[in-house]
Structures are given as C-alpha cells and as structure tokens.
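Labels A, B, C, D and E are assigned to the chains in the order they are written; within every chain, residues are numbered from 1.
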C-alpha cells in the first residue's frame, strides 16, 4: 500500500471532521482534501529504544529498536509471543518509560514533553489495547465516550449521563462503525470477548485520532468482523489520512492491510520491509525460534 | 463573645449523683427557664476538660460541677461561685468483700485498690484521702488502679483486687445489683465539700444575680425536676447554699496532693 | 515446543528470592509476636472457667428493660443524625485527601507522604483533644460533636479510600492515560468506577462506627446514645444497657443491609 | 458494519432504569441528610472564630513534656505488645468468619446472614461489656485486654475481609471452579492472592487502631498508653498529653510504613 | 478426524499416566492401549439448553441448543462474536446455571450432580478460558499447579511453595509442552498476551483431562505457536483419547483440527457437520448477519 500513498486523503481543517451526523457516512474512494502543511512527513520515529521492566540489572525486553514511520503509512508489527510487540507499542505514547533511546511522534519529542504536552499529544493518538482495558463497571457508551477525554474535559467525558448530547451521539456513531449500537447500554463486563474488543476500537475511534495504534485489534473478532474492522481502518487512512500501527498474528491481515511489515524477535527488529511483493511463507521464519520467550 | 441577653448556656459535668440529669434534663431546663425568664441551653458534658475549655473560651456561662472539678476550674479560669449544692450522705468510702480477707485498712498494705474514675472527687480523690488519713500512702503502701466501677466490682468478686473506692450512693446501687454478694466498708472519708455552680467571668452581674437568687429561692423546685424519676428520689434532700468560700475546698486541694498531683494547689494561698 | 523431560529443567525455588534484610525483619517480627504472646500470658484454662460469673452477668442483662424505650430511640435517632452529618462531611473531605495520599495518584511522592501523615494525624489525635478543639471553636453542642465525627471519619475513610485506589486494576487507567485524559479524568473514568463498592463499604462502616461510638458526642455536651449507655452502666442497670445495645445493634444491621444493597447494585 | 447515521439510533437514557422504590429511597435518604444538617446547625461563622482559644490550647501543649518519656515509651511498648497479640488472634479468627460472612463464599445464604450478624454483634457490644465479660472469665490484666482487642479486631477485620472477598475478580475463581477445586481451594488459589493487599491494609490498620484506642486496656486493669493519656488530659497536663500523642503518632506512622512496604511487595 | 477414531489410544489404567519423567515424552503415532470399558461412547450430550443472564424476563442467550459429542471427537464450535460460543462452553461443566434443558458429560447428568460429584466431574475436564483467568498475583508455576486441585487437595495445589515435588515437576512438564519453562517463576501479570494464554493451556493440561474444552485457545498465539498448541491437542487426543471441544475464529484451524463443526448463530445451532469435505468458504455464511449482537 506504500504505492497507494498518492490516494491518501486529508481533512481540510487541522481538526478532523465531526463524526456525527451524515458526514460520518464515509464514501470510500479518493477524496480531494490535502494534507495540512503542519503535518510532518515522519509521524513516528523510534531511535535505539531500550526497555527494561525493573531496574538496571533486569533483562532488556526491547534491545535497541529503531523505526521510522511516514505519514499515512500502515505498519504491521509482527513477532512471536513475547517478542516485545505490545511493549514497543506502549512505549510510543510513553505509557511505559523507556530506559534508553528516544521516540518522536507527530513531530514532538515524546521523551521531553511535560504533563500537559504529553496529554495533548496522547489525545491525538488512538490506542487499542490487547487486553481491551475497558472500565468494566461502566456502560459500553460511557466507555466509548471516554475517548473524548482529550478534548472534552474530565467531567463531560467521564460518564454518558454527564456527557453533552453531541458526544453521546458521536459515541453512538463510533459504536455503529463496529456494529455495536444495540449494546450501548450494556455494562462492559457483560460482553463477549469480541464485543469487548470492538468497544475498545470504538473508543479509539472516538478520539478522532491522527495515529491509530492497535495491538492485535482483531484477535477476538470473527473472520468477517475482523475484515470489517481492518477495512474500517483502511478507510480512515484513506479518508482522514491517519497513520496505522498495528500488531497481528494473522499474516494475511498484515500483508493485506500493512504497507510495511516490521518484525520483532526477542526485542530486536529483524525485518522491516514493504509488503508489496511479500508472501506469507516469506514471513514464517520470524516465528522459528527456540528462544521465543 | 459576651453572652446574649436572652440565653444562658448551662453545662453540667460529672456531678456525682446527677447522672440522671445528664439524660433527662428537659424538666429541669424548663423549670429554670420559667423561673429566670431566660432561654436555657443545656449541655450535659462528659468531660471535665471540655467543660473547662468551653467556659474559658466563653462558649458557656454556667457550669454545675463537683468539688474536684471546682478546684480545677478555679485554678484554670477566673470563675465566680454562684451557689453551692449541699447533699446529704456525700462521702467517699473503701469497699471490700464482707467475706474476704480484708478486715481493716492495714490489711490493704501491698494490695490492689481500684478507683473508678481519674480525678473524680468521690471515686478517686476522696477514697485515696480516706486511706491516707488512716496512714496508707498512695501508690506506695498499696497499688492504686483506675478501673471503671462495673469492672472493678466484678474483679473484686473474683479476688483480682481487694478494695474499690466509691461513694455512698454507688455502694447502695451495687448492693442492689449484686444481691448474692456482701460488701463492707473498711474506711470512710469526711463528708465531701459541696457541689458548686460557677459562672464564667464574662457573665454579666445582672444575670449572675438573677441566677443566684433563683437557685437560692427555688432550689427545692429545681431539685424536684431533677429527681422526677422514681429511682432518683434518694437524691432528694439537697440544699442550695449562698455562702461558699474557696477555702472550704482546701481539703480537696490536699487530696490532689495525696494522689501526687500538685498543680492545682497554686491557688490555695490566694 | 517439544516437551523436555526429567526433573532437571529448573523448577523455580519454593521460596523465591529473599533478601537478608527481609529475612531478618521477618524473623524479628515473628520473634516479637512470640515474645508478646508470652508476655500477655493467655491460657486456655484461664479462658474456660468464667462460666458461672458470665451466666450471672447475662441474667442481669435479660430481659432487657423496655421501660425507657422511647427516650432511648429518640436519643438514637439524634445520634444517628449527627453521625450522618459528620460522616457525609468526612467522606466529602476524604475523597480529595485520599487522592493526595494514594501512591498511584498523588501528584508528587512528597505530597503523598505529607497527606498520609495528615490523615494518620487525624486518627492519632484522640477524640478528647478534637472535642476540646471544637468546643473552643464552636462551643458545646451538636456542631462540635459533628465536627469531631467528621475528623474521625476522615482519618478512617481517607486512608481506606487511598488504599482501595492503589489496589484498582491498572488496565483501564492505562487506557485513559493513553487517551490523553488528565488526572481527574482518570480518576472519574477508570478509578472511581472500580473502587465504588469499596467506597460504599467503607463509608457506611464509618457511619455505623460514628453511631456506635457516639461517646465522643457526650464529651462535647451533644448528648447521644453513648451517654445513655454510660449512665445505664454507671447505675449497673445492665438490663437497660442491654436494651440500648440491642437498639444500636438493630441500627447497625440496617446500615449493613443498606451497604449490602447498594454494593449489590454496583458490584 | 456500515455506519448508521443521524442522532436517532437509540442513544441509551442518561439515567438508566430507576425503580420507583429506589427513587423513593434515594429521595428519602437525601431529605434525611438535609434535615440532619439543619438539625445539627453547623455554620461557617461558628467554625471560624475559635482562633485565639485554639492558640492558647496549642501553647499549652508545646513544648511537649519530655520528663516522663521513658515510662511513656515503656507503656507504649507494652500496649503495642498486647495490641499485637490481640490483633493476631483477631485476624486469625476473622479469616474463617469472613469466609462465612461473604456473599460469594458462604456455604449458605442463611449462614451468611448469621455470621454477618455475629460480626456486627462483636462490633456493637461496647468495650466496657467485653471488659466485664473477660474480667469475669480470665480476671484483670493483660489477658483480658488482649481478648478485648481480639474481639474489636474481629468485628472490624472480619467485616472488611468479607467485603474484600466479595469484590475479588470472578475470573480466577471461575477457573478454579472449572478445575474441580473445592471451596478451600478456590479461596487459597484465587481469592486470597487477590485480596492479600487489602487484608494487609485492614490487618495493620487494626493493629494500629488497637494501639491507639488502648483505653479498653485500662478498662480491664491492663494499663496501657491509653490510660496514661487519659490521666494526662484529666489533670490538664496538655504538654504531657502532647508528648504521649506524638509517641503514638510515630508508632502509627511506623505501622503505616510497614503496611505500605508489605503491600508494595504483593501489589 | 472422525475416521481416525480407530487410531485413538487409551491409557491402560483408568487414570492417566504420570506426565512427569520420561513417560511424558509422547511418541506420536498409534498406541495400542484400549479405551477402558467404563468410558461411555457419548461423552457430552446437550439437550435443548436455554440460558438467560438474569431472570425470566431477560432475553435468552442460548435458545435451545442440542448437541451430542462422541468419545474422542474433536468439535470446533464456530459463530460470530456474541453468538453464544463461550456461554455454551461455560454451561457444559455448569459454570453457568442453565435456565432450561440438560447437559450430560462423561455419562453423568450434570444438572443433578451435587457438590462433590460436580467437583469430581469438573476435575476430569480441562477448561481454557477465553480471558485466561489466571491468578495474576501468583507465579506461572503456581497457576499451572492449580490444575491439580481436583486430585491433590486444596493445600498441596494452591501454591508452588507448598506443592509436593512431583506436582511441581509435572507442572514444569506441562509448561514445557507450551514452551514456557523459563517463565515458571514469573508473576502471571507480567506476561505477554500469548504467554498468558499458554499458561492457561498448561494449567488445563495439568488436570490430565478426559475432555478438553478450549475457548479460543490460540487467539493470542503467534501462528507457529498456535499450530503447535493445536498439534498438542491432536496428540493428546490420539494418545490419551481425550475429547476436544474448542472454539476458534480461524476457519483453517477448525477444519484442520476439528472432526466436526458446530456453528452457532444468535444462540441457535445453525450447522453441525463433519469437517471431512468442508472448505473454508462453505462456512463463510455463518458470519453473514446483521443481527450479530
């Protein structure tokens, strides 16, 4: 898909168009809006990132990862279990504090940002967690509305009962995108595995992100939902110009939806290639290992 | 803040025998209000300390209290005496089991004696003084313990301690509560000085006089309200006395010395 | 993924790693407990053998004396009202204090230590001193009693609230952080929803505790059921005391019931 | 999975469903709280304005009287020893009682109600009565004091243990059930590991509480720092009282520290 | 694989051979042991099962599911998200109380069993949960040892420090089967998604189950681990004659490892067929639905 960069679309305004109302009914296909001038061509740059859980003596999980992701790219991060994929993704918005190295996102040096700046940056980045991380005692709708925390403020975004009507409706639209409107009132701990994953996705959509970081976003989804979600991501990339960084254990998804594949093995990047002419069997070697853990 | 003209704030602390007042002060308050024409706010206070502080920070106008408390009040706030309340049979005693080994005060040497409540006139100071008067030095010839009366009596029945200090009224109650056990008294103190009504120094002379007269003239009526319940008839017979002198309380001050507390004696010489 | 065999593929140690310090501390603590047990001198023979005395005590308590039922209930209601006000105020102050005192949510570790200390201070300074303070400040009466209850409640609730917040699952908090939510946002969206059952339990316990231990109200001339009970005991009216205790017990059970009912709705 | 549009795809109600009963109860409770506030008569003017009086109080407390430091520390240590024994015993009894009283783990709902009641009973019966009971049973002294502390601890810990166990995540418990684990197995393998931080917090709070509120020890002639403090207050030795409070405060902080340290290891 | 029933193997003794020591090094291929006479030919029969969360008025999640599973069969349960797969599996050992209908497992009527009987039955059934359900504050090894609760008693199986050496070693063998021995001492909340899933599988193996119920057992596993786990299951079926009931969103796995496919749609069985001649596209229709939730 790195060839398809020409067809990438950008919203006219620096913000992202309202997802509520008719406008959110995206029509697939090229859109003529342009990338705003202030959007850097490199949206994510990771430089020799080292991460340890625990102090100096403990083993490094990421052992010096470097990575550059261009604006509008879709990067599939692959690797066997425990290779460090989730850890890498969580380092990007500094949910984990890297031990060494640097990360820049959307042109900002993540490591040097202070509280407020970091919050502002994070609010522009959608994150779908491998374990979904929903607030289980709240309703699905409230969980989705949480996505608006970055722009709406703590009180208006903390519970659906307190949220202004626009947010509630926007959240319903996000739920509609993952076909979950009828469960909006359900408590988040009464969902099936796939439903809960979709709520997590809807919550990330609610952020109107510029970068979408998704950790195995379709692992619990049935095949057709999985494809719909991946298509949705692709459409957002085309229409809103977002950048997508996702992990997956489906090589097929990685090849079909990624412009590029980055493979990790035991905390090191062992492969970084455009997907253009890759076949599934070209990637099998990533998983051959005795030291997988 | 000076007290409002219409309202007097009236506290009662730990007056032995006035426990009933602490729970059912309604009739007493109404009577006092009717007799004086003031609105009466009434506070039964469990803690001497709190009452003293309330009086010295002028949140309270009058306090009805016991002799030991009076000495403390006097030493810590410049309080004025309104009237005294003389009650019959108000004395401290040392109670032991009638069938026990203790027959005389001398037998108490080296034994445990319990006092009901720290600093209380008739449960702590009085009994300790009674023993001292008969030659037993506090905390030297016997081991004093502060244990609440309920527990102390049970412990004495068990034999864990040998004597309990209390006043005459208490012993009557206890005899009724333990009909199967016989108690006897091995030491008896002098009659204790009167309970006393004092006023904060911020109280106006007019109000002071009004209250004083009311208590002297209508002491009996007020008392009648206190002892409305059948059980409390035995507290009848008290008198309100107009002439109270501070030196009457030197006996109490010496009691404090007896138990090793000297700080309240500073006013003796005044 | 072939199964390796034999007992020699490194079964982890039974005890994990123990630092010498931790070991020394553990042994020291255990020794202290043993010494203390010895010091206290509990023995089974002692405990059994109070039978007849206890039977007498119980017989003195039953049947409960119902003659003063009405004034006791009125007094209980008044006490409960003061307890409600004091507890509500205390909980209101506890919420922000707990945030400041929680290891995960305090803006700064030093602040956390300070607020932990403050809360411990509220607990440690005894009721009588608080009673004095409030008597000096607002005079004798219910207002001072309520404030004393408030302080008690803060010392208790703020600590347990803080601890509940520390125990809350990290997942949702991480999600909220990733969305750019601020401290308040994380609290309201990820922490409070998780700890609300624990808050209810703690809060209603505080209410019940305030009602039960209303002796502090007596200290400041606010009356209360605690005084009634004290007077009953002073007069050795064990049957009246029994009746008062039973009334309090029923109230306690009702508060427990309310707590259970509220928690069932959110658990 | 096409996005439906417009505001009309059934946004859930803001308030969810509220039964008339719940509504009535909520309004009733709110009204009661308001009435109570009114009844108590708190006011801001009252609260501010105690300044000078408080300054005097504080000036009487400082500097703390250090002359009796040694006896006070000895007394504190003795109290702490009794508190340790009483709390350890109390916690030991609380563990099984809490299981019986927890909604999820009690073998039978009726049993649960019974044990909840029993625990509430332990709490409600005042210390003075327990003191009577234990003095009759084991006589005056530390043994009775320890038992009184034990009862206090059970009334507190068993309730909070039960509540923590009710709040524990169901997942691991379901897994253990699926493996054919019995009640005990589920408790030890899935419940206790989850609630252990909460148990530590509750248990060490109980220890601290027992030390602080050691007045109960005085009730049974076991001495203790509580009596020292009471005497100091009763004789208006505020500077001595202040010293005693500071010593207790330091002990409380140490227990808090231990609690934090233990919890950090398991959290 | 229903044709391969002939090659199914049985342990000689009613119990299952010790998994520790050299014996656990299974050699793939036919084994000559026979099925014990007391093993019923039908190991699982579900009859018109209805399940509601909540009382009478609430909607049924399972709307009358009937199912018969023969001894040694491998059944793949398919269905879109929220179809009721997990719910059905959890009803089998009565982790959920069905509202109507009956279940029998290993010849016993699950609905009429009392406490002790139910425990005994459950201990013979391995269960891998979709959400893994590990005791996160305990070590990986302790979690695996929990699998022995049914036979070893509460105290010996609750923590690795208290377990007898045989159990500890058997647990290490189970971990070895999922290549996780080097994480045995790690706390279970410090695992990657795939590692945690493998611990859940090892725990189920530790039960020496006669039936293995696995709810999306490989959803978080990388492709090669996923295949190894499925192969492991297949080998256990061959060698120990266990019956396998699993759900999956990988049609390939379902067809390769299942003897039979059972498809659920909105709480009803809509397909129940041997996999012998099925192709993936024959199953796509299962996921076509607008009322998926």
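Assume a contact is a pair of C-beta atoms (placed from the backbone, for glycine too) under 8 Å apart; a residue touches a chain by one contact, two chains touch by 3 or more.
Just so it is clear, the model here is predicted, and its values are computed rather than measured.
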item	value
Shared chain contacts [chain C and chain E, defined touch]	A, D
Any chain that touches chain D and chain A	C, E
Which two chains share the largest set of C-beta contact pairs	C-D
Chain B-chain C separation of Cα centroids, rounded to whole Å	35
Separation of mean Cα positions, chain E and chain B [Å, integer]	79
Computed distance of Cα centres, chain E from chain D, in Å	44
Touching two or more other chains - residues of chain A	131, 179, 182, 225
Junction residues of chain D - those touching two or more other chains	50, 53, 57, 128, 132, 136, 139, 141, 230, 233
Sequence positions of chain B contacting 2 or more other chains	49, 53, 57, 148, 150, 154, 158
Touch relationships between chains, expressed as pairs	A-C, A-D, A-E, B-C, B-D, C-D, C-E, D-E
Partner chain E, residues of chain C touching it in the complex	1-7, 9-16
Chain D-touching residues of chain B, taken from the complex the two chains share	48-49, 52-53, 56-57, 72, 76, 114, 118-119, 145-148, 150-151, 154-155, 158, 160-161, 261, 263
Contact set on chain A toward chain D in their complex	20-22, 24-26, 139, 141, 160-161, 165, 168-169, 172-173, 176-179, 181-182, 184-185, 225, 228-229, 232
Contact footprint of chain C on chain A as seen in their complex	90, 93, 95, 119-125, 127, 129, 131-138, 142, 146-147, 149-150, 153-155, 157-159, 200, 203, 207
Chain D residues touching chain B - in the complex, by the definition given at the top	50, 53, 57, 128, 131-132, 135-136, 139-141, 218-221, 227, 230-231, 233-237
